[in-house]
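Each of the next two complexes has subunit A plus one other chain: subunit B in the first, subunit C in the second.
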Partner chain A sequence: MLQLILFNVFNGLIVGAFYALMALGLSLIINLSGVINFAHGGFLALGAYLAYSLMPLVGFWGALVVAPLLTAALGLAIERLLIRRVYGRDPLYSLLLTFGLAYILEDVTRYIWGPQSLPYPIPAVLTRPLSTQFFFLTGYRLFMVALVGLAVAALFFVLGRTRLGIRIRAGTLDLETVSALGVNVRVLRNLNFGLGIYLAGLAGVLAAGMLGLQPTIGTSLIMPSFVAIIVGGLGSLPGTLLGGLLIGVVSGLATVFLPSASEAVIYVMMGLVLLLRPRGLLGEEGRLK
Partner chain B sequence: MNDANRSATPGRRTVLRAALAVGAANLAPPFILSARGEQPVLIGLCNPLTGTYAGVGKNELSGCELAVTQINGKGGILGRPVELRVEDSTSGDAGTAVQKARKLIERDKVDFLLGNVNSALALAMAQVSNEKNILHIVPGGHTDAITGATCHWNVFRVCNATQMEANASAQQLIEKAGRKWYYITPDYAFGHTLQAALEKAAERLGGTKVGADLAPLGTTDFSSYLIKAQAANPEVIIFLPQGDDMVNALKQAVQFGLDKRIHLAGAQQELESLEGLPPEARIGSWVFEWYWKQPGVPHVAEFVEAIRKKTGKVPTARTWFGFVSTWSCALAAQAAKSMDAPKMAKALGGMTLPPEIALVPDPALYRAEDHQLVASLFVGNAQAGGTDPEDLFNVSRVVRGADVAGRVEDSPCKMVWPS
Partner chain C sequence: MTRARQLGATALLWIALLTMPYWITAIGGYMELASRVVVMALAAMALNFLLGYTGTLSFGHAAYFGVGAYGVGMTLKYLTPSTGLGMLIGMVAGTLAAAAIGALIVRLRGVYFAMVTIAFGQVFYFIAFRWNSVTGGDDGLTGWRRQPLDLAGIRVDIQNHDTAFYYLALVCFALSVGAMALLLRSPFGRTLQAIRENERRARFLGIAVERHLWLSFVISCAFVSLAGTLYALLNNFTDPRALRWDMSGNFVIMAVLGGMRSFWGPLIGAAVFVVLQDYVSSHTENWMSVVGLIFVLVVLFFPRGVLGLLQHRG
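Up next is the complex of A and B:
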């Protein structure tokens, strides 16, 4: 029993790392632009399918690099054309816009690549489990965790050390002042959106290797990311990271004791956090509306 | 300073509300297709076109469309042309399915209703069709109740009841794989009845259950289930999820190398799922309800050719379900020489389908007592690739539907006819 619980905690961390990657992109966009991007799952699916189509041309590793960049480029264009128009308005506008966009993206993938699942081949080196005892630690899953770790480290480096990152963080705190200081807020938001979508695209390619491709892949993965943000605390990126990991572990543990509740349990956890600590685990006080 | 530059971080409540809204709204994507004609006979198909079952739903649709073309080519139904009206039921929302079924019946005034892939949705739709006295054919919803406890005089089913699949697969599994079974079961009507039927069938043959887990529909990550299953030390892990869930579960099991130590198997398997798997994960013992390679069975090759021409792919069991369902409407009307639903239902009950529609080696018969079609089941193993890239299943035995359907006398179905 103890072993079962330990296995599930480790396994939950692996799954949670993936949720965190998706939630971080979502969180970045919410924090700076105030847009709750429901189309995030759609971008994720698109990243996955782009990688699928690119793979015959550039191989697995090439697709892993190129597909998220292409997804981010599309994100930049969509921000420029559509999302930009709803900044500063009632959140309902951006909700409706991104919600519609989510359906459009899902149906576009279904139209282009078909409704049926497609297998996404991964290099043989990554497919083997490392040992029979710890069979759930496959090369691919460890690679995924390492890559998520790398992406998170890079993200925090960009936010902490670069001019762009410092501006994004400053804008998150007080966009008016940042704007008054001469920073081009339009460009800042555009780049920030692209960065968020890049993370979605990367999550998509990683998910494809783990789960294969389905047009619904984004929709099925986006809800836990929202929960991760709320549990971790809105406005806090470390909180989002923590929220994602927690969700993975809690839902893994639920499978040990009450498997049919393994999906519901993350919402119960969200409810508890909201009751006991409404700002979220690492959320800051005073940023509530 | 304009509005656009203000800090507009939405509050936690907004995110929360929005998250709830997207959860609810996901269940109801609208999708409408329609056609116009003069006094045609209308067949309404309310089936998933989005969500988990979009792939199989689309194949059922292709089968329906081919049948409609053939029926019209042979003079239509009672001399009238036939048209198909299609609605997206979603993959899991019974409310939407019922609403769309009502729309087809009340507004479009369809003469026949077809659907649904999802058993729970099929049951909900059957209530509506029964209330409205419409002949309703369920192409591919498997739960026993449809032709069992909640059978209706107006409802017929083409695919097998879960109990039939369980009976057909249990024997091969016990003989070839082992007696200690662990179940991973989707948490809805179909999964529950299939697991219960398998347990019953296994018990009769000396098999035991060492554990079982219910996985919510739409589960993407099965790793924690697999960890638990492996810890119970079974000889066979029985995978009962369908569609994308099946693909995810099997793929992860193979990534974990479980196939090297434990026999992976299940009852129902579909070509759609095997196509979605990488070749190394196309493994295990399963039951197919229809297969496109049936050497020597008349008319199958023509059907395969026609679907290949239409869709570029071979027909699956789903295509066959749609095809047979649609043809059943025409056969019922022709036999009854009427469009009156009770008369058509009487005519269809007890009917043996002609071979160009049945497309199976055994006689395909709608049992008069419970309206279940009994045809053939194909027991065998998944394979990475046979003689054809789409030949992903190796049939080891064809089981007569009549042998696994159970006796009519034991069926809980009590049919009440309109007076």
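Up next is the complex of A and C:
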């Protein structure tokens, strides 16, 4: 029993790490630009499939590096062409726009790579279980957790220490002032969007190794990411991280005790948070917008 | 638009709706498509009660649409073969669900509100998807059919006559739309519009903003769940797709496409969208891209919708 619980908690942590990675990207974009990027899941799927196609050329490790960068490049282009036009307008329009983009991305993915699921090969080094008693601790899972941890640490370093990150954080608080101080806000939002999409692409590559490739992989991960942001508190990146891990573990635990409710339970949790603390666990006071 | 022209346009609209069964096949459509237009128009207009008049964006209305659909389906399958009772149960269930969730979210605004409605919509999707033994899971709820209506001794055979069903849907549509129009003209409706225009000022005037938003959310969802019951009856079937997020998105795009600042806009939007979707999905595998493209184009080029464009010109 203990082993089962541990197994599912660990599983939940991994899934939660995905949610967190994806939700952090979403949060970055919402905070600075006020756009809920519904197409985030589409970018995630694209990252995963790009890695699949690149692997024969550059190998597993190469794909891990290149695919998220390519996804981010596409994100930069789409922001320039489309997303930029809805900044400052009613959130209705950005939602509809990214909603349409999500449709298109999923369809394009299906058109190029086919509707059936594809296997995603992982180097043998990473697939061995590390211990017979804790059979679930395969190298790939530990590797994934480590990589997500590294990515999150790098993100917080960029935001906390680099010029770009400091500008992003300042823009989140008061974009007008940042603009008045001579920062090119258009470029800032563009880079910020690309950074968010990079995280989505990275989550996609990692998720592919764990869940396999399906055109719908992105849409199945985006809803929990919304929940992660709401539970953690809109406007707070540490909150988003916490929210993602928390809902991962909770749904992992639910798998032990009430398997059929493992998806619904995170929404119950969201309801509780909204009831008891509407701004989310680490949300700023008074921020309900 | 002058008052006379407005009246004329409305009269024309009703004539078109009343006679639709007699010309829909002539222009290449079919009876079921006509019913679908009316059902979706009801859903889009109900959403617009909230979106256009209260200024609150819900991206999760499919949840209540779906609860209505499952409500009528499950009543007919498990409880009693009465279409009327099934619709009542479906509508009550959808309204209660909206009342509970509405209470949790009325304090939120803007992006936050939209995101929470999206996320909450998924709960119902997962329940329908997972609770196999009752809802039929992914395969949908089958094994039931809509039953003939019995109106004070007069039997209306909506089961075998598609035209009869169309008129049932149209009667529901007319009653709902009439009720919404009356509500919007009442002091309550004016208050909603005041909140939309300037929430802070409305609050200073002593208006209980949260209570008004909650009520308008619940009313909107009540009519959406009515549309959901009709949708299930139309297909003699319902599945989790009826309450998934893409359905919510469809309602919003219908409202925007038609023009969300006008009362009849969502009807036009629903007609255009439903017919287009029907046409595209029967002609290409890649209908998702086309629908997605419609979303993008509407946002970039027709943000005020068809009626908004006309009014602008006029």
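Basically, the second predicted complex is superposed on the first by the 282 of 289 C-alpha atoms of A that agree within 3 Å, B and C clash if a C-alpha of one lies under 4 Å from a C-alpha of the other, contacts with A are read in each partner's own complex, and residues count from 1 in each chain.
Here is the rule we go by: a residue touches a chain if its C-beta (ideal position, glycine included) is under 8 Å from a C-beta of that chain, and two chains touch if they have at least 3 such contacts.
Because the structure is predicted, anything quoted here is derived from the model rather than measured.
K.L.:
Judging by the criteria at the top, classify the pair subunit B and subunit C on subunit A as clash or fit.
P.N.:
These partners clash in the superposed model.
K.L.:
With the two structures laid over each other on chain A, which partner does A:31 touch: subunit B (first), subunit C (second), both, or neither?
P.N.:
In the superposition, A:31 contacts subunit B only.
K.L.:
What's your read, subunit B or subunit C touching more residues of subunit A?
P.N.:
B
K.L.:
Output check: A:12 vs subunit B and subunit C. Expected answer is one of first, second, both, neither. What do you get?
P.N.:
first
K.L.:
Touch check for A:174: first (subunit B), second (subunit C), both, or neither?
P.N.:
Once the two structures are laid over each other on A, A:174 reaches subunit B alone.
K.L.:
When the two structures are overlaid on chain A, which partner does A:103 contact: first (subunit B), second (subunit C), both, or neither?
P.N.:
Both partners.
K.L.:
With both complexes superposed on chain A, which partner does A:82 reach: first (subunit B), second (subunit C), both or neither?
P.N.:
Touch status of A:82: second partner only.
K.L.:
In the superposed arrangement, does A:93 touch subunit B (first), subunit C (second), both or neither?
P.N.:
After superposing on A, A:93 lies in contact with subunit C but is clear of subunit B.
K.L.:
Could you look at A:275 and tell me whether it touches subunit B, subunit C, both or neither (first, second, both, neither)?
P.N.:
Once the two structures are laid over each other on A, A:275 reaches subunit C alone.
K.L.:
Thinking of the overlay built on chain A, is A:230 touched by subunit B (first), by subunit C (second), by both, or by neither?
P.N.:
After superposing on A, A:230 lies in contact with both subunit B and subunit C.
K.L.:
Taking 170-178, 242-250 or 260-268 from subunit C, which overlaps subunit B after aligning chain A?
P.N.:
Here subunit C runs into subunit B along 242-250, and the other listed stretches stay clear.
K.L.:
Considering only the contact definition stated at the top, list the common interface residues of subunit A for subunit B and subunit C.
P.N.:
30, 34, 36, 89, 91, 95, 99, 102-103, 106, 110, 223, 226-227, 229-230, 234, 260, 263-264, 274, 278, 288-289
K.L.:
In their shared complex, at which residues does subunit C touch subunit A?
P.N.:
51, 57, 59, 101, 104-105, 107-112, 114-116, 118-120, 122-123, 126-127, 130-131, 245-246, 249, 252-253, 256, 286, 288-289, 291-296, 298-300, 303
K.L.:
Along subunit A, where are the residues that touch subunit B in the complex?
P.N.:
Within the complex, subunit A contacts subunit B at residues 3-4, 7-8, 11-12, 14-15, 30-31, 33-34, 36, 38, 84, 87-89, 91, 95, 99, 102-103, 106, 110, 114-121, 127-129, 132, 135-136, 138, 140-141, 171-176, 179-180, 185, 210-212, 214-217, 219-223, 226-227, 229-230, 234-235, 251-252, 255-256, 259-260, 262-264, 274, 278-280, 283, 287-289.
K.L.:
Which residues of subunit A touch subunit C once you look at their complex with the stated criterion?
P.N.:
On the subunit A side, the touching residues are 30, 34, 36, 82, 85-86, 89-93, 95-97, 99-104, 106-108, 110-111, 223, 226-227, 229-230, 234, 260-261, 263-264, 267-268, 270-271, 274-275, 278, 288-289.
K.L.:
Which stretch or stretches of subunit B touch subunit A in the complex?
P.N.:
Listed in rising order, the residues of subunit B that touch subunit A are 1-16, 18-19, 21-23, 25-26, 29, 49-52, 54-55, 57-58, 187, 213-216, 218-221, 223-228, 230-231, 244, 247-248, 251-252, 255-258, 261, 272-273, 275-281.
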